[in-house]
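Alright, structures below, take your time with them.
In what comes next, chain A is part of two complexes: it sits with chain B in the first one and with chain C in the second one.
Let's look at the complex of A and B:
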């Protein structure tokens, strides 16, 4: 079985090449449905769409540099109640694949009968930026890729600018990877199988020559290094900016308690959030007044700091840094930075990388006899 | 939603605890402040609320002021929560409408130097407890059925003592012993200190009684495969190992032993003699039935390997035998009892409680590098076999290497014990005394012999043993030398021992005929695996850990499972039997009830909110939480949950809650403290 193949780009049209690959999956019955971003009639946004008919793939935009919803969340919607009986192919960016891995560990998604297709992602822009970009460019995805590859990251969301995983990392969960980084997009891109299912696909599509991953690996290493540099720079700065309760309060001051950040977050999986439950929100006026009396004034809606700190606490080990919390905020609170900063610190404590492997136990519920020796628990 | 049940009539009882609390906290101020707190209808203080007059004061106040909820401010709830809840119950209150505000361990003791702050904190603690109490629900204990049948794991002296105590009280016992015979290490001893009794006199009557007891089901040569369930309702799967001898047919004629061509070192004689593949370890073994060891029987090895690999075995007389052809024991058996086709069998037993009495082993000599491997360097248990009249030398102290009587013998105490570098840090507790006993018996067996003992200290704290050691030294003229051997090596016929006597500072060299190592006691090798099956805890060495060293010394943290003997830590025979009797009496007290009542302040699930992420399942140390496979929501087994709250912490949506410790109660309490200390940084 072939481990990899070069997906030829005809007439230099990269989006069409990937679209043809997806069509092949449906035509050859390798999958019964595909979850892919499809362009909206307005022509300035995409939305994940479950496609079963080949002709509906005409509007598929797998390269669209925008992520209105984290696909892991949609996979959870599809498979939480019961494993899928139909074979479904899903296209996932690195952060989506990592979030999905976490959701599987949290029993909120099931990979049975899913064909996971990881795709390199150089970064995404906000929905609004993408809309503008579509109006200005005939082939927005290609233009966007070209600009980012040439070193212009001004269009990227901040989360993407510091994303150190532009390529899918959990090869064990995915079946096949579409490699873009370091490839000549006018000629051909790399398909790499990560499972027997993936090998079957490459074989069935009769793509011909095996690909050479070395070029992609070199480019990926360079990009990763640069991203880590950017990340550390930004997080160092964040640490200074957010030190202390007053600075956190200042960051969260515009919070209107809409809790959209919780809804956008792929990891926030509770059916009823404690912070929206009667325990936290149903109090009599006199209780609020008694709180007001403590300091002479009570900002309403109350408990913004509590809400965000609890969410931070709950997410810290599994946060994949997709940054959708920040995109979802109507008042533009820069939530991604504290979540990445705290997440990275906590994850390092446990030598845990969310989304790395299905076999890594969730650190807060796994018991290890030998840990935190430095705290004296020996 | 209401922030409290406004109708509760709350009474507060503040205890001085002599001067423990009142010496720091201003009692009068506390009572005055608390009287003003919303919901409080009565508050009083008293010198010792736990005393009879104190309890009477509570009773009178409850009825006079029609109190229906109470906060007792005193010491930790682990001490008197039960006392005061009983008082409340005696006046018709639900005991869970009484909570303790700990103003001693949490307040007066740590803040003894700052009475003003302590008084303020005591008031805050009581107020917070009042706010928690306002949302307390009246709880009723869960009723759990109880199977009045016990499992004892281990058929040594501890297991037998426990089993007999329970069985003789009238309850059924299932006794599981991993070796084919009862008796454990005690059956290997030559005599016991300080009385020099013959161990057979201790255990043979026990072995006989166990074997014939109408209420004891004995599974010898059997292992615990799996344990499920919980206190009152354990289900145990037991693997009965194949003995390849049909006990119904075998009449113990013994004709099978001699024809067996295989000789291997005898475990019972600790390698000082050999046994056959089909064997009984000693004449009085119970049950009295031979077993074929499938690790050494050449017929069975051949069958097991199914023609693969080398089925032939080197026999001591250098003949090579093809195993499949050997049917020596079968041919010799007049009763037709040999059955090579026997398989392990799994049986299931239901019991209400378990005693773990799996005993100990000796530390491996391999970890103690300086004691080289030499046939004349033996361990204490081997020396017991040498001294034993029924042992390999019929009680003569002969060197294993050449059978000569050992005229100079050196004992090394603490071989592995109290040795943090190579051995174990703890004291094995029995070695000082058995070494003294062995030197005395050695002197009796070899009157012209000389015994030397290298020791660190002599520990003889058990009644009668100090006198025993002193008397023995006078009688046997044993040379006690304080110091550890620095080098032991063979020098021709002799074994040289180099050491420094730390009392005189002199270097010593002894040319000994034999060296006896008092090896450290360590847990039996299977202890950790068994502990995992039972969901009980082992310490860093592998000894099973009790629930509380002082208050619950034979309980484990898993209710219904108890410890006996050296599975817990090194013990001598009296301590072993005391713990075995203690464990049995804990089970008898459990069985004295019609049903089990379980503490109701435990976790419960809000199914509507639960997302089935199973984090509560991973963190539960008691295996009380499971996932309902159909509804995909968590379940709490009321009989097993100990109310520790770990699942509540793990649950992000707080679908998992703790009865009378709900998130709202926590927040209300935090609120009280926040109001008290706001603006103080």
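Let's look at the complex of A and C:
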């Protein structure tokens, strides 16, 4: 069985090459449906779309540099009630694949009958930026990729600028990886099988020549190093700016308790969120007045700090840094940086990397008898 | 809060596991051991039932310190509750520490049901330490 193959790019048209690959999956009945980004008829956005007919793949935009929703959340929608009985292929970026791995461990998604196709992602822009970019460019995805590859990251969301995992990391969870980084996009890109299913697919598509991963690996290592440098720089600055109650309150001052950040977060999954529950928010006026009396005044809606700290506490171990919380904020609160900063610290504490492996136990469901001493910290 | 001499008296909340620390508190009482009255005890069925949200809410609503008392490692009535709580507290303290919020106001200690003396001594130590830290900055913040 071939482990890898070169996906030839005809006429230098990269999006079409990937589209043809996807069409092959449906045509050869390797999958019964595909969950891929498809351009909406309006022409100014792409959305994940469950496609069953080959001709509907004409408008597929697997390279569109935009992530309106983290795909892990959609996979959870599809498989939370019961494992899929149909074979579904899903295209996922690294942060989506990592979030999905976490959701599987949290029992919010099931990988049965799913073919996971990881794809290299150089970064995404906001939905609004993408809409504008589409109006200005005939082939937005290619133009975007070219700019980012040439070192112009001005269009990238901040979360993507410091993303140290531009390539899918958990190959065991995925079946195939589409490798773009370090490849000549006018010639051919790399398909790498990560499971026996993936090998079957590469075999069935009769792609011919085996690929050479060394070129991609070298480019990926360089990109990762640069991203880590940028990440550490930004988070160092964040820590200085953010430390202390006053700075935290300044950050959260615009919070109107809409809880959109929680809804956009791929990791927050509770059907009934504690922070919306009667325990937390349903009180008589008398109660609120008594709290106001304690301090002379009470901000309403109350408990912005409580909300964000509790949310951090619930998902910091699994935060993949996709930054969609920040995109979802109606008042532009820069949530990504503190969440990444805190996430990294908490994850390091348990030597845990979200999305690394399905076998790594979730830190808060496990324990070691000898750790942290008696005091519980440091 | 200040006592008659105008000295700062911290408001302290204690979550005591039913099987150990709460019983140790009882033992301290029946053996007439003295310790400061600042702590407001809340009995829980296990230290692991103390979710950080309770700790946080206590602090944000005006407590100066929160104490969680659990069973000595190996003695948990539910086998591993105290180990799991220790992980949660470690994660929670890391979050607070990273954001420059005072994680020192949260104490997790193991006190067995037989350790009335240790309970009283720990309460004295905790109260003294929280007095030293002074009033929690959350106390005054009405805009939190």
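Everything that follows uses one rule, which is that the second predicted complex is superposed on the first by the 371 of 378 C-alpha atoms of A that agree within 3 Å, B and C clash if a C-alpha of one lies under 4 Å from a C-alpha of the other, contacts with A are read in each partner's own complex, and residues count from 1 in each chain.
Definition applied: a contact is a pair of C-beta atoms (placed from the backbone, for glycine too) under 8 Å apart; a residue touches a chain by one contact, two chains touch by 3 or more.
Since the model is a prediction, treat every value here as computed from it, not as a measurement.
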Worksheet item: Are chain B and chain C a fit on chain A, or do they clash, once the structures share the same frame?
Response: clash
Worksheet item: Does the superposition put A:294 against chain B (first), chain C (second), both, or neither?
Response: both
Worksheet entry | Contact breadth on chain A, by residue count: chain C or chain B | C
Worksheet item: A:364 contacts which: chain B (first), chain C (second), both, neither?
Response: both
Discussion item. Tell me the contact category for A:138 with respect to chain B and chain C: first, second, both or neither.
Written reply: neither
Fill in: Touched partner set for A:271, first chain B, second chain C, both or neither
first
Worksheet item: Of the two partner chains, chain B (first) and chain C (second), which one does A:303 touch, if any: first, second, both, or neither?
Response: second
Worksheet item: Which of the two partners, first being chain B and second being chain C, lies in contact with A:106: first, second, both, or neither?
Response: first
Discussion item. Which partner chains sit in contact with A:346 here, chain B, chain C, both or neither? Use first/second/both/neither.
Written reply: second
Worksheet item: Regarding the shared-chain residue A:245, is it in contact with chain B (first), chain C (second), both, or neither?
Response: second
Item to complete: Give one of first, second, both or neither to describe whether A:285 is in contact with chain B, with chain C, with both, or with none.
Response: neither
Worksheet item: In the superposed arrangement, what residues of chain A touch both chain B and chain C?
Response: 274, 291, 294-295, 364-367
Worksheet item: Given the complex with chain A, which residues does chain B contribute to the contact?
Response: 1-3, 608-615, 618-619, 627, 632, 650, 652-655, 662-664, 667, 671, 674-675, 678-679
Item to complete: Would you tell me which residues of chain A are touching chain C in their complex?
Response: 239, 242-245, 247-249, 253, 274, 291-292, 294-299, 303-306, 309-310, 312-313, 316-317, 338, 341-342, 345-346, 349-350, 363-369, 371-372, 374-378
Worksheet entry | Partner chain B, residues of chain A touching it in the complex | 106-108, 269-274, 277-280, 282-284, 287, 290-291, 294-295, 314, 361-362, 364-367
Worksheet item: chain A touches which residues of chain C in the complex?
Response: 52-53, 56-57, 60-62, 73-74, 80, 83-101, 103, 107-110, 137-144
